[in-house]
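Sharing a structure with you now.
Order as written gives the chain letters A, B, C and D; numbering starts at 1 within each chain.
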């Protein structure tokens, strides 16, 4: 079973919420739709569910076009951001709710409820109503309600957004585990990259109704395909430094000049040779990849420590040389003092180059 | 609010510093009582005092049309009223009319609310069409419904006469007359029920319906498990208000049938009017009115009991 | 009517409350507030007063009429009187209310004033005795009782009111139909008697012919009527058969009296009985006769809602050929804006029961309203109010009233040569007024009336028979009247 | 099922058409009344009933003018004054009841007394009494106090009738608010006055509007007390309306309809303006999340 979206478009009046996206989710695959709020990810999810209608394009479930089917006829399971638990029903009744449509016997229903409540540890609260539940419990009930039957796919809308950090971590694991057992195509909408990175088989990063990149969590993080993805994924945010290409040698050693007169010679992707000297680029490097050194080297920039934020095992340092901010994360043991002058080294092979059209410059692999 | 102290800091717990009567009066301890006073004062003068007056009268044999000095006669009036077959017959009539009218109002109001629960273009305007009847006076509703039913001139009669060969004389039989009154009253007040139900419907979070759609719940199940719980308390409120008001139903009955044919549509309110104003049995009518009040209070308490029990369940 | 003024009203309340009880003894400014139903005969009184009245005692007198809508008139007056508001100096009243409000101490006994004042005595002598009996006496005295005394005012009788609008019911009929040659011939052929066309024909019309008219003119849509094809059903006759107020009693009483039956006779209390009188065979027979004509009437008769206004409307809209209704409702029939038959109508006396000697008994129940004075007025106000009474019952005023849609109870006015031609129903009214009697006036009249209307209504709507209805009425009245000591 | 279906809770013009038809059927009696206002008596009682006729404005003229009996000249009927009275009395008394009721409701909600519920219930009880029974005492009281026939008398009476409703409804709104925010405001040095006007009132404005409209609807057409307690110059429209119900003819349908139509306009307008608040206001307090 699969989910396929073909040129899927949604317009609200003149506003285009989802702009001709193509997407496939395979059987058993978990895909996260990740993006800032308003990027169209929830709308996309709701179009898959049938709660919104595609203005153009198609939604295919298990190879069948379902555009014109009502949600009830699509056989999808969905968990809502606010859980959408039925307030007048007990937990057990909430869990059993989707089963009534399947005309199962009472015995079968209670068997399945028992199963699910065991999986999700809901046994103690089956008789309560949603009003009497804690947030985490509500979340589990919502998940339980979506997994209790056998739908063609699972859809989750911001499943963890209302939980506190600890609970979120816990639930992430639980949901991932449950989803692995179910082996159905699953779409999770989230604005939380950690959630996406940990739970997804693939992540689709969205912005302004378009998909910017679809790839594995690893690749989205390590190989962002454009400036937006690079900036959006990863905490602290990737350093994005405007620069001018001075020249490159064809093997990936290139020299860049920065505002303020500093220059840098580093090893980057060989594709940099496609650019002619003088091209404006943006260099992207993760804060964890920068190295602090006491003396200047060929591939270092000198700057000054502006502010130091201890984060436990690591320390986040904000640097400013008067022209640009740079963030660096180092081991907590590295001594850093505000006002100190330091040099930041760009190690070989970890700097991404984005061209003026914001796309990454990368040779084919 | 001008009576409230103007000091900068007057948390309820802070003792007040101003002295004298003004200080005593404005003491935060007394603020609750102070705020309630105007309402209670007006109610006392305009409602409670006259009520007590007539309560007192109900133990005498006062007749407003007589110069005889009223004599105290204890519970005799209550006894007379409660043993009067006429009164019981009128209570029965009232119960039938209140029951069927309130039920009809609930059904119609409910269906109308369902109709208007969806957002559609021009809803504001179309909704006004339905809200208008309750803004009319009882008198005009009574007069025009009577005209509609009139066998020769009435619109309803005209249409029905075209369909059936028998002349349409709805108000000629007790059942027809009750139906005529119930239809007029329910027409007028269904919008009230609709408004309450609609408010309930609008307050149901949309995602619950979406979830039910995803969960493939039938329309009926969706209604029963999602919609109904949300409007239940409002429905009960509508039943309470409408029952209280319909119990007092007077003008429409008096204009459409005057209690006829015979006494088959004479409600307790009409009978009360006759006793007090036409027969001048002032004391007796007070006693009857207090019995009516008692019944309404019992009904109200049953309602409040039902609501509170439900609230207790939820907690 | 005065110009409304908000400020004055706001201040006026206190002044009003303070000022009414103690009328100043030497002031020349007198305001007489009169409760009056809002309709032309009272509006005329107010307008004519403003135009013509000057106080013979030199006062500056204002007649402040509180025009109250007819349907709410009773409530408003009753509430005002019983609460002790003492707002009104004069009140227009239905004759039946006399007992309740005299016993309550609200209506002023004028017997002494009338005896002492030759002008008032003269007026009482000129008033038709049927009106004096119905409108003025309490405890009630019948016309016969008054006439027995031989003098007016009769000794031992208490007088209260004067006619504001004396009313009787007459026949309103469609000249174009009743005088249509084809219809007349067909009627003659079918029943061997003439279709009443002229006033004189109606003088000779009894209930039997009334029924024949009803049967004869019962037409379906598509039938011919007076040479034209009907698009809607047509009916020959209608009279009052309504549940409200006295809207069947007034007509049923006529049938009962004409048939030799009687209602409970308050003037013979406490000997007069209800049981056995009210439900006598003669009364039952009369009531049956009344009910037997309903089948010929427009279908609203089956609902017990054919009150005096509904039959009037049915007539004015051309749905029925002849009705029996109050003279007071005649004016609109002639109004082209309200009536489709304004130019086709004529008026005759109401039908009656033919006696063995061939004459027709038209005994009927009087309508209309007297007006009275109230008890809390100072002598000065009473005197001035009586001046107003004299002004009102002056023949000149009365003639003007008749010209403007009112009626007069003065025999001298009714006998004046111009009177009969002033309004088309006047001749019938004069003829009918001689036959008038009245229903009860005791304080319990409303209770009796309501119960009786209820039982009558059941019979009219076919739920019970005439005998059953009258039995119930008799039983109720017997018990009630025994309770209050009116029957011993 | 390949038919295109609509999203939940939304509908288009097709739905509008259906709803309009149903709405109009429901509205039909009112429509008929309005139509009657433009009919002569003969048209109003015509058989078959007339949908198409030559409209006349005579009824509307008759609302305000009538011919003198003696001279035939036209006289004002004072109906303009009665309209003013109705609007003035209804708005003032409903407004007053709302103010007084809101104060009391605030107290009942924030400073509960011992036996709070009992007081509340007694307040509601006054609304259940058949009005007929208090008429005589009230009438007498009005006479003694000089309030009979004055504006303030009837205004206070209507205020009293509206208080139970106002207190109950407004209290439920206050109950819904979070008192912690008020306490926080007090901590920040807000006066009681500011807490009440600055925090509580703005939050329940919709509810107050709904209460106002309900009160207005229930007061607008009151007849019995207006009949008995207003004087010639404080009379309200429902009382004046009764003059069309019988007298020389039965009901003057055209005139009645004209008055009803005119009398409908102000309250219709207010309801239309506050319609959204009406819907939001009612839900307050009665539906628990």
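Just so it is clear, a residue touches a chain if its C-beta (ideal position, glycine included) is under 8 Å from a C-beta of that chain, and two chains touch if they have at least 3 such contacts.
Just so we're clear, the structure is a prediction, and the values are computed from it rather than from any experiment.
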item	value
Far-end chain from chain C, centres as C-alpha averages	A
Pair sharing more residue contacts (C-beta pairs) when C-D is set against B-C	C-D
Distance from the mean Cα position of chain C to that of chain B, given in whole angstrom	39
Whole-Å separation of chain centres (CA-atom averages), chain A against chain B	57
Whole-Å gap separating chain A and chain C, where each centre is the average of the chain's CA atoms	93
Residue list for chain A, restricted to those that touch at least two other chains	51, 70, 87
Shared-contact residues (touching 2 or more other chains) in chain D	8, 45, 47-48, 135-136, 241-242, 245, 251
Multi-chain contact residues (two or more partners), chain B	64, 152-153, 210, 213, 277, 282, 314
Residue numbers on chain D that touch chain C, as the complex places them	40-42, 45-48, 58, 68-71, 75-76, 78, 81, 135-136, 139-140, 143, 146-153, 224, 227-228, 231-234, 239-251
Residues of chain C defined as touching chain D within the complex	1, 4-6, 8-10, 12-14, 16-18, 37-40, 43-44, 47-48, 51, 66-67, 69-72, 75-76, 79-80, 82-87, 232, 307, 309-310, 312-313, 316-317, 319, 328-329, 331-332, 337-340, 400, 404-405
Chain D - residues contacting chain B, complex	8-13, 15-16, 19-20, 22-24, 26-27, 29-30, 32-33, 36, 45, 47-49, 100-101, 103-104, 106-108, 110-113, 119, 122-138, 141, 156-157, 159-161, 163-164, 167, 186-187, 189, 191-193, 196-197, 217, 220-221, 223, 238, 241-242, 245, 251, 253, 256-257, 260, 263-264, 267-268, 271-272, 275, 278-283, 286-288
Contact footprint of chain A on chain B as seen in their complex	205, 207-208, 210-218, 221, 225-226, 228-229, 314
Complex interface listing, chain C residues touching chain B	74-75, 78-79, 82-83, 100-101, 103-105, 232, 243-244, 298-300, 302-305, 310, 313-314, 317, 319, 443-444, 446-447, 450, 454-455, 457-458, 460-463
